[in-house]
Amino acid sequence: MGITLELIVFLILAVFIVASSILAVTTKRILRAATYLLFVLFGTAGIYFQLNYSFLGAVQLLIYAGGITVLYVFSILLTSSQGDRAEKLKNSKMFAGLLTALAGLVICLFLTLKNTFLPSHFEHGELPVSAIGMSMMSGEKYGYILPFEVISVLLLACIIGGILIARKR
Amino acid sequence: MEYTILILLLPFLSFLVLGLAGMKMSNRLAGTIGTVVLGIVAVASYYTAFDYFAAGRGADGTFPTLMPYNAVWLPISESLHIDMGILLDPISVMMLVVISTVSLMVHIYSFGYMKGERGFQRYYAFLSLFTMSMLGLVVATNIFQMYLFWELVGVSSYLLIGFYYTKKEAIAASKKAFIVTRFADLGFLVGILFYGYYAGTFTFTPQLQMLASAGAMIPLALGLMFIGGAGKSAMFPLHIWLPDAMEGPTPVSALIHAATMVVAGVYLVARMFPLFIGYAPEVLHWVAYVGAFTAFYAASVACVQSDIKRVLAFSTISQIGFMMVGLGVCTSADPHDGGLGYMAGMFHLFTHAMFKALLFLGAGCIIHAVHSNEMSAMGGLRKYMPVTHITFLIACLAISGIPPFSGFFSKDEILTACFAFSPVMGWVMSFIAAMTAFYMFRLYYGIFWGRENKELHARHVPHEAPLSMTVPLIFLALVTCGAGFIPFGEFISSNGQSYTIHLDSQVAITSVCIAVVAIAVATWMYLRERQPVADQLAKTFKGLHRAAYHRFYIDDIYQFVTHKVIFACVSTPIAWFDRHVVDQFMNFLAWCTNASSEEIRSWQSGNVQQYTRVFLGGVLVLVLVLLLI
Amino acid sequence: MRPELSLIAVILLLFFFDLFAKGKARDYFQPLACVLMAVHVLVNVVPSREAFSLFGSMYQYVPMMSIVKTVMAIGTLVVILQASNWLVGDDTRHKQGEFYVLLLSTLLGMNFMISAGNFLMFFIALELASVPMACLVAFDKYKHHSAEAGAKYILSALFSSGLMLYGISMLYGTTGTLYFDDMAARLSGTPLQVMALVFFFSGLGFKISLVPFHLWTADAYQGAPTTVTGYLSVVSKGAAAFTLMVILMKVFAPMVAEWQTVLFWLIIASITIGNLFAIRQQNMKRFLAFSSISQAGYVMLGVIGGNAMGMTSLVFYLLVYLAANLAAFGIVNVIERNSGKLDMDDYNGLYRTNPKLAFLMTLALFSLAGIPPFAGFFSKFFIFMAAFSEGFHLLVVIALLNTIISLYYYLRVVKAMYINPSDAPIATFRSDGYTRLSLVLCMAGVLLLGIASSVYDGIHLFSFGL
Amino acid sequence: MNILSLFVLVPLLMLLGLWLSKSINQIRGVMVAGSTALLGLAVALVFMYLGERASGNTAEMLFMADYVWYAPLNIHYTIGVDGISVAMLLLSAIIVFTGTFASWRLQPLTKEYFLWFCLLSLGVFGFFICIDLFTMFMFYEVALIPMYLLIGVWGSGRKEYSAMKLTLMLMGASALLLAGILGIYFGSGATTMNILEIAALHNIPFEQQCIWFPLTFIGFGVLGALFPFHTWSPDGHASAPTAVSMLHAGVLMKLGGYGCFRVAMYLMPEAAQELSWIFIILTTISVVYGAFSACVQKDLKYINAYSSVSHCGLVLFAILMMNSTASTGAILQMLSHGLMTALFFALIGMIYGRTHTRDIRELNGLMRIMPFLAVGYVIAGLANLGLPGLSGFIAEMTIFNGAFMNDDVFHRTVTIIACTSIVITAVYILRVVGKILYGTCTNEHHLKLTDATWDERLAVIFLVVAVAGLGLAPFWISDMIHESVLPIVSHLALN
Amino acid sequence: MIQMEYYLVVSTIMMFAGIYGFFTRRNLLAILISVELILNSVDINFAVFNRFLFPGQLEGFFFALFAIGVSAAETAVAIAIIINIYRNIRNIQVKNMNELNG
């Protein structure tokens, strides 16, 4: 298997994502963490693009990068106080967290890599947005009208709930 | 003979009436009810005896065994059941007479003796109860009925010994009496269980093939039953309760602890005699050995006691020993050939009941007069209490075996039987008979002659007892004088056939001589004010004297065993174990639960990160568990 | 889809009422909510007998689901009744509308969760059931405890849904479908699928609060408003338990040995640890939280057998548990409202001052402890029977031994109310009509559900189709 | 309506009546009416039962009725009685009746007290009439739980601790029992909960029996004070109020023996035979151990509680002997122990109510002060130590005779060991009688005390008459029990 | 052509990085950021599986799509709650969040 452009792009993305994820959870300053998160989200979107899921990538950028990260930044600024930067970790706690996470990582990776998935048949070519739309609005099998409706209720409830909690009184 | 049921029912009714309504009655009424009922019972008993013996012998030359009543009371299994009924045969009829006579005398006597006592009604109620149970015991149609009434007499004895329930000694004595006999009854019960299982019946006449196939179990059963008998009849080493039982009112001692209940063991052996002879002669001989040793032991203790009731108690033990020996030395059921002892034993039972009751009632008069049991408070009473004196003397002569008093005849028969069994036994028993004569006359002189406690008598002049008390004395004295001439063998013998008593002159002369010598020694030692010989002897054999006075420390051994061993080494540790090990174990479980609850408290630290760490850890562990196991 | 549609109608009506009602009309908010809920219950009380699926199996229906939904709706009705005296408080009066909408949307989520035929549908419904719940937990937003509880709840929920999603993704990766029916045919029990099963399981385990996914429970229960706690402990838990059973039986049928092992250990852990924590709790809500953890373990006994008897007894158990636990929470709530007291020690001598409440509490606790003739005894017996019938003897014995511990802590409360002396007992008060109505409903359940076998028989009639 | 159902209905009506009653007199009225009705019912039932039998009805159970309850689970409300249950019902009715009078003057919260009291008796009666495993178990638990409040609220001394311990231990036992019942049900093919039908099926595999038998036996045995699970009994009895002690020792502990016999032994005969030796050893220990422990106790109730351990041990001992005689004896012993222990506890309660102490070192000379109670106490004591003419004797003798019918060394040995208890019993009974009743009273305060009131006299006299009646004329009841024991015992002997 | 497993490795690392962050961060918002990582990684999984293994239907795709939406909603609510906490105690440190315990 030769080194293709795709692979190079993927490798760059992968290194970028992994590095940003790790930095996002280790950096001591929370605003930087949010920034690294943004990088991760961008990287993820890149992966979606690479997988030819442009729509998904776009959604990712719009909602996550565009919406949520901004929310984070605002709320970080809103809640920042003196103690935030001088975050000091107790070693034992960090160690326990690290240990559990590493154990989980090892187990999951081991099982994932050992598993023989079905033979992959990667198909190039962009997903037509109309197909997405058709599925989204279909009530047949592999149609998503019902989840779509339910998630709308969820969003409504979350809006009501979020406002309820966050508003002044 | 359906009327015999009255013999049981009347005392029971009287018990119920007196027990339930007694509190509302006057003393006189209660006493009268009890006495009248007993009078009727006595009449019924005499009539029964008359009726029974007058009916004559059956074709086989024996008096028939009658069962006017017998009904299933408690079924045990298909074949086994406990019956209630009335059985009449020569010995039970004889016992009916003895019991109702003595009981009647005691009822009459108690009028005077218990006059003005608190609980007079209760006393008569208990007496009725006792009489009922004792009569029930002797007319039992089966061994279980006998056991049942056996327990009842035990309880009535308990109640009567503890009559003065505010007195510490009385409480202790009643308890002791009950528990010791109860312990012996355990043997009886187990014996009955063995018997019932192997004989397939509780009646006294089991099927022979059942017995034959039972092998060694029947002797075992009989031996265990004898333990019960030994307890009730105060055989060594189960005798310890009897001397203490003298804490009860004296008439009670006369009735229960001298004449009737204590001979229940003898009666039991006699009742089972055919089985003993047929299947367990070696056990029967053990009965004899135990009886002989007890007789000797009790006689030697009696020689040094100073409490007159205790002397009489030990004398009773000793005399019961004689009866047991009489039964035990039998080697066959034929009175002409080694079976004489049966008749002799029963005869002695009969005569002894009369003269021992007389002795006790006499002692009661004396105690009534001087308000003490101790010989030191007496002496020289012959001047004050002539009737008591004479009747007491008669009884003493009877028990010592001086003709023509009844004791002579019966004791002589026993000695004859002993000599027939083995000369050693004969001489041993003769020697004990001598001891009997000695201590009885020591007692007699100590009370009526000897050193008089003038100080006390001056302060409180002893007087003769009232008529209600002396009449029974005189009656019993008359019986004692005459009973020896009853042709006892005509009525009762080991095989039921008629047996004519004939005195073995050699034995008779020997025994009389021995008795006379013993009385002479006693006279020499105790007749006068000053008793140098006795004091000297007591000094010389100080250790022995003290040991005998303390009844050879048997009581102390029991005391040790019960308090130090049973209570301190068994019960207390068990109770401790229960509270601190078994119970604590349950508490320990609870403690463990609580402790582990405290221990895992830190899991719920309140830190959400730790929560999720546990969450993930749980997931991973489950994955590993599923994949690795 | 009758329950869902009528529920959406109720939500919308309340929502618009909240938007448009002004002034005095708002006083009718509570009666309206109660009546609407009652109507909702009545509309759905008779299940249709046919099993069917809609939206290309996205939505599935078997009669038993309808029964569970009705049970949950009854529970919600009771919760709304009990919420009344809390909602009219100054802090919350203006938030009634939000309360109803949030509460009912979680209920809607549960209904969809129960009927889901696809993991996507299931996931969204689950989130619909839990995210608004976080808002409810944090409803008393000026109370730090409530806020803290809300934060813990939402963080734990996010974490667990992350893990669950990971599990679902692996299931998808190994089978290529998210539809329940298709997946059941393609599962083979490879190690990765086993891992995925456990990860998935943890998500529902979180909602049912099985050990070790339970640690949020006590904190959230304690911090949340008491009525919400009651709702969490009964309705939310019950719906999740039933869903878990449906999915395990339908989807993971090929991996039955694996999930039975998982359940085996989780049941033991839940019952035991829930009990061990409960015995030294002082706060009533926290105490009931741990009791509910251990109850969840008992509920799972109905799942582990995986048979019709188990299903029937599980639903019956949920119904009975609903009556008893909501009664207990209702009483805790009304006492908290009237005296502000929540500690077990505060309950000392309650019988002297409020005998009726104390008596009802006793009955509720006895039912929870499984003491006849109250319904809890029957439901416990049946659920043990169900597990036993599949050969889980040891498990049943362990669960039975644990009932002793649970009896101990239930009796602690009884002891406090009846036996312990108190210098300052809770003053005598008269509870409001709504609460009384709710308690009457619960007590009717506690007393009659067991004795009258028709309820169980009715459930039994519909225990098919899975 | 089936007469048996009345036994459940009457307590229910009593509960209702109590609920509605407003004054102490109404409460008393309800209780007296109800308990008298129950007593009358029980007596009527005895006669009806005997009449049926006399007219040749040989069915194992009479007055059967069967109502389906939980059809899917084969749970029925099946009722029926044989001689054993009739005897137990009579016993329960007597105790409830006398218990009512023994708590005549109870204060405070009289109404609540009687409510729980009625619930307890409801459970007891239900237990004895049911022959469906589930229903039986349900009533069993109904009978247990009121104990907690009855002791905890109205008790004395360390009541909370005792009540909790008692409840937890008994409920722990019933947890085992539940497992046992499920084991029986599923072991027999899960087709029926009816005891008679399960026994007739007789198809529980032996290996399963060996698991479920011990669980069931221990489950019931704890209530029957089986060593080493008896420790709830002393504390529980010591703390309980009078009538509760009566009911508990008099009736509840009988549930244990009855259950062991009717359920454990009857349904799992093979395992019973295989494993009986373990339990025989335990029960023998109970018998002797309880008696020895009683010898050194200082609290009257403790003495009696340990005595109960000993006597109830004898019940279990007897049923393990597996023959009709011993089993009859066991039932007789239950009756007898129920009556005399109730009498004992009633008297102790009455004495305690006056002297406010139960410590035998502080009591003496009561015979002079309260002769009625003292005489009652002596009678109870005599019954306890097996005096002929009172109930204890016949029961013990039947048991020992029955036990002796097993002619191997092991059974013989344990029987003889068990027999020794009658001596030890005498020791502790007489010790108490001697200490507290006899002697002279040294406590001035006690001198002013009064004797029993009319309600107390009524309770005591009633019980004494019952004890004596059973002891004097045992044949009719013994026959009745014996023939009912036979099917069960023959089932045991089938193998 | 890129192996599918490479993507899975990346997503798994991202996931456990998020988990690690969840376990160790002190600030509630930082924890929430870690959660985003977790959820995001799962979305990758779905997309990758869909694209590589089961391109016939769009199940994974839609799952990822909906998951993004749901996680956005969740984040919003979570942030609202955190802000509420800040309003209550002027602090969003985890260490101040253990009043409820035991």
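So that you can tell them apart, the chains are marked A, B, C, D and E in the order they are listed, and the count of residues begins at 1 in each.
Criterion: contacts are C-beta pairs under 8 Å (C-beta built on N, C-alpha and C of every residue); 3 or more make two chains touch, one makes a residue touch a chain.
Treat the numbers as computed from the prediction; the structure is a model and nothing was measured.
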Completion exercise
Shared touch partners for chain B + chain D come out as C
Handout entry: Mutual neighbours - chains that touch chain C and chain D alike
Key = B
Exercise for the section: Report back the single chain whose CA centre is most distant from the CA centre of chain B. Expected result: A
Fill in the blank from the handout: Counting C-beta pairs in contact for A-B and for B-E, the higher total belongs to B-E
Problem - Per-chain Cα centre nearest the global Cα centre, belonging to chain - result: D
Problem - Mean-CA-position distance for chain E and chain C (Å) - result: 27
Fill in the blank from the handout: When centres are defined as mean Cα positions, the distance from chain D to chain E in whole Å is 65
Handout entry: Centre-to-centre distance between chain E and chain A (centres being mean Cα positions), rounded to whole Å
Key = 6
Exercise for the section: Report, in whole Å, the distance between the mean C-alpha point of chain B and the mean C-alpha point of chain C. Expected result: 77
Practice task
At least two other chains touched by the same residue of chain A: list those residues.
Solution key: 93, 96-97, 100-101, 104, 107-108, 111-112, 117-118, 142, 144, 147, 151, 154, 158, 161-162, 165
Problem - Residue numbers of chain B (touch at least two other chains) - result: 601, 604, 606, 608-609, 612-613, 616-617, 619, 623
Practice task
Return the residues of chain D touching two or more other chains; collapse runs of consecutive numbers into ranges.
Solution key: 168
Problem - Which pairs of chains touch, using the document's own definition - result: A-B, A-C, A-E, B-C, B-D, B-E, C-D, C-E
Practice task
State the interface residues of chain D toward chain C in the complex, per the touch definition above.
Solution key: 69-73, 75, 134, 137-139, 141-142, 145, 148-149, 152-153, 159-160, 164, 167-168, 171-172, 175-176, 178-179, 182-183, 185-186, 190, 211, 215
Completion exercise
Listed in rising order, the residues of chain E that touch chain C in the complex are 15, 18-19, 22, 28, 31-32, 35, 38-39, 41-42, 45-46, 49-50, 53-54, 59-60, 62-63, 66-67, 70, 73-74, 77-78, 80-82, 84-85, 88-89, 97, 99-102
Completion exercise
In the complex, chain C touches chain B at residues 151-152, 155-156, 159-160, 163, 191, 194-195, 197-199, 201-202, 206, 211-213, 215-216, 218-219, 258, 261-262, 265-266, 273, 276-277, 279-280, 405
Problem - Complex contacts: residues of chain A adjacent to chain E - result: 1, 4, 6-7, 10, 14, 17-18, 21-22, 24-26, 30, 33-34, 37, 40-41, 44, 47-48, 51-53, 55-56, 59-60, 63-64, 67-68, 71-72, 75-76, 78-79, 81, 83-84, 87, 89, 93-94, 96-98, 100-102, 104-105, 108-109, 112-113, 117-118, 120-123, 127, 131-132, 135-136, 142, 144, 147, 151, 154-155, 158-159, 161-163, 165-166
Practice task
Name, in rising order, each residue of chain E that touches chain A in their complex.
Solution key: 1-2, 4-10, 12-27, 29-30, 32-34, 36-37, 40, 43-44, 47-48, 51-55, 57-59, 61-62, 64-66, 68-70, 72-77, 79-84, 86, 90-93
